[in-house]
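Shared between the two complexes below is chain A, which has chain B as its partner in the first and chain C in the second.
Right, the complex of A and B next:
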């Protein structure tokens, strides 16, 4: 059943201007960044691995932002357009409903990633880092996006309003992005270090730094960053399960 | 007057004695240091910015006693700026720790370094032995990192222009397909 919901969402995304416009915007942003990095005289003096690191951060950041915006409305819209009632009158399980929507949001990330492949290829030309670059952007981006989608879906099921879900999701995303903008010196105290260990965005960027700048490409060397990301996904999954139970208790038409 | 001369003579003799003692102590420290460090890859170190190279060195204990707790690290100086280089991006492993090196034993030391910026550099390896005041250093190795310009509009321009056009084309195609299926 979740397959039907996934295909329905996919059609809605691909056959509307709104859905595909995100891909054009992503592509234009990647074009601008990669063109500037590779042709600007000042920027071109940067080490190539550093350029790849910058582009990797841009790809994952754009992916997280676009998927967060999309995921904020994908469930809430069913309540706002009053289609939720008729949807839940059909023999559909809550698990299938959420899984279908989750798969649709993950597909959007997959499409953004596919659009980014030519840029990954051109930026890593001449280095031996194409495969680590490709593999880690996909792995870290997918883990981050997966965790964020579940968090946003849980908020959606609790709030049932796309405006509130979008605002909360963007605030959470921004709050997690801010520490990653701090300089290394600011991150040296124990509180900042502890915060960095649990912050999924920090873990993604640190792992990319480890792979592309420090050349530590094995999964073993990146376990310290991937494990907290997996833990983040597990926590958000638990939060989603809790939100689903609360939603079922309250009913499709919320009382009070 | 004689007292002053005597006092001066005594002062000179005393200074000479102190100087010779200090020299003997310093010489003793150097001669008795059984640890030697040698950089083996001095010929292969030059390259282009962005390249990775391995600094191969050897630590040798020529003494009669084993030595414990030795920390070895590389130190890099930018000769153009006369400044030491921050190794954060140059090497993932800054220091190598040796628990014990037996008498007469020689151990290899390898550092993978990443040439980040073009310029002329000098490199030394330092070994600190716990409990000893004076560290042991290798000889200086000079090397050059050539600049690399990543100006490649020939490669990036087709991708930067082509990808958004292809995505836009797919978007228009899907839109056309949707409209034609609606009208039929």
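Right, the complex of A and C next:
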């Protein structure tokens, strides 16, 4: 049954132009970054691996941002547009409802990633790093997006409002992004180091650094970054399960 | 006749407000039951508890042999026209019904959908986007969706709201026909003429509590208002001039 929900969401993305618009925005951003890397006086002096590192960060950041914005309304809209009651009067299971929506959000990430492939190809031309670049952007991006979607869905089920969900999600996203952008000198105290170890965005960027700058391309060498990401996904999954239980207790319609 | 819906001491509060207060009633299989009450009397909350959308604070519910809290199996047996009538406006009416037919795993859904469009008189607009529908057309589409799984029990919350008199009559005739075919109907409506014409038994609730229930003749006797209309009885019992 989750397949029906997934297909409905995909059709909605297509019919309402929302999905297409997101892909155009992604493509324009990747084009702009690539253009700057080639033409900007300072950026064009960067080493090719650094260019790849920068593009990888942009692809994952754009993916996280767009999927987070989109996921903020994918569940909440069912309550705001009063379609949830009719939906839950059918024999749909909660896990099918959530997994169908989750798959739809992951599909959006997959499409953004597909849009980014030509840029990955061009930037990595002439190096032996195309496959690690391709593979790690997909792996790290997918783990990050997966964790964030579950977090956002949990917030959606608790708030049932797209505005509140979007605001909270963006605050969380920024709170995790900003420390990861600090320079290494600012990260030299124990608190910053500990935060860096658990921050999923920091782990994504550190792993990209490890793969593209230090050429440590094996999963073994990146386990220290991938494991905290997997843990982040597990924690958000547990939060989603808790939010689903709270949702069931409160009923499909609040104050009904 | 066999009881298909049974409620005992059903209670639901929202904060300090008791929306439904110790409500008890029994509905027999094949009955056309009218559920009346002024705005805020607890009708919609009762229907939502019966259909599993919200959980009661207290009391017992049994529908077709399934007792609360295990009401999930009844979703295959019931059809509901709920109070909230949101739609996926970007879908066509046909896509909308097809989506729900798939959720119910209906075999040969296209045939079923065409049959339903004929019943609710929407065949000509089945390929139009729901966003272009009038309120009345949306109402008919909601009824078609409620009938997609051939329900044994229909819960209707104001099914003819916003319909013109001709469409109201069409829907009433359809409901009569469904009831004659054995479908139990639980109708909540403010259209008291509609309730008088259709329902074999009626319950009136006010401020969440059961005021009276029975056939219209029994209601007239109980209220000493023999010969009066259902509207007179309703106004006398609820002290409410706004029907």
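Following the convention adopted for this analysis, the second predicted complex is superposed on the first by the 254 of 256 C-alpha atoms of A that agree within 3 Å, B and C clash if a C-alpha of one lies under 4 Å from a C-alpha of the other, contacts with A are read in each partner's own complex, and residues count from 1 in each chain.
By our rule, contacts are C-beta pairs under 8 Å (C-beta built on N, C-alpha and C of every residue); 3 or more make two chains touch, one makes a residue touch a chain.
Quick caveat: nothing in here was measured; it's all calculated off a predicted structure.
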| item | value |
| --- | --- |
| Superposed model, chain A: greater residue contact from chain B or chain C | B |
| Which of chain B and chain C A:177 touches, first, second, both or neither | neither |
| Touching partner for A:83 - first (chain B), second (chain C), both, neither | second |
| Chain B versus chain C as contact partner of A:35, first or second or both or neither | first |
| Which superposed partner A:20 touches (first chain B, second chain C, both, neither) | first |
| First, second, both or neither for A:8, with chain B first and chain C second | second |
| Touched partner set for A:134, first chain B, second chain C, both or neither | neither |
| Footprint overlap on chain A, where chain B in one structure and chain C in the other make contact | 15 |
| Chain A-facing residues of chain B, complex | 49-50, 52, 88-89, 92, 112, 114, 116-117, 147-153, 155-157, 159-164, 167-168, 170-171, 174-175, 177-178 |
| Residue numbers on chain C that touch chain A, as the complex places them | 14, 44-45, 48, 51, 53-55, 72, 75-76, 78, 80, 82-91, 95, 99-100, 102-104, 142, 145 |
| Sites on chain A touched by chain B in the complex | 14-15, 17, 20-21, 23-24, 27-28, 30-32, 34-35, 37-39, 41, 44-51, 115, 118-119, 121-122, 125, 127, 184, 213-216 |
| Contacting residues of chain A [partner chain C, same complex] | 1, 4, 8, 11-12, 15-16, 81-92, 249, 251-253, 255-256 |
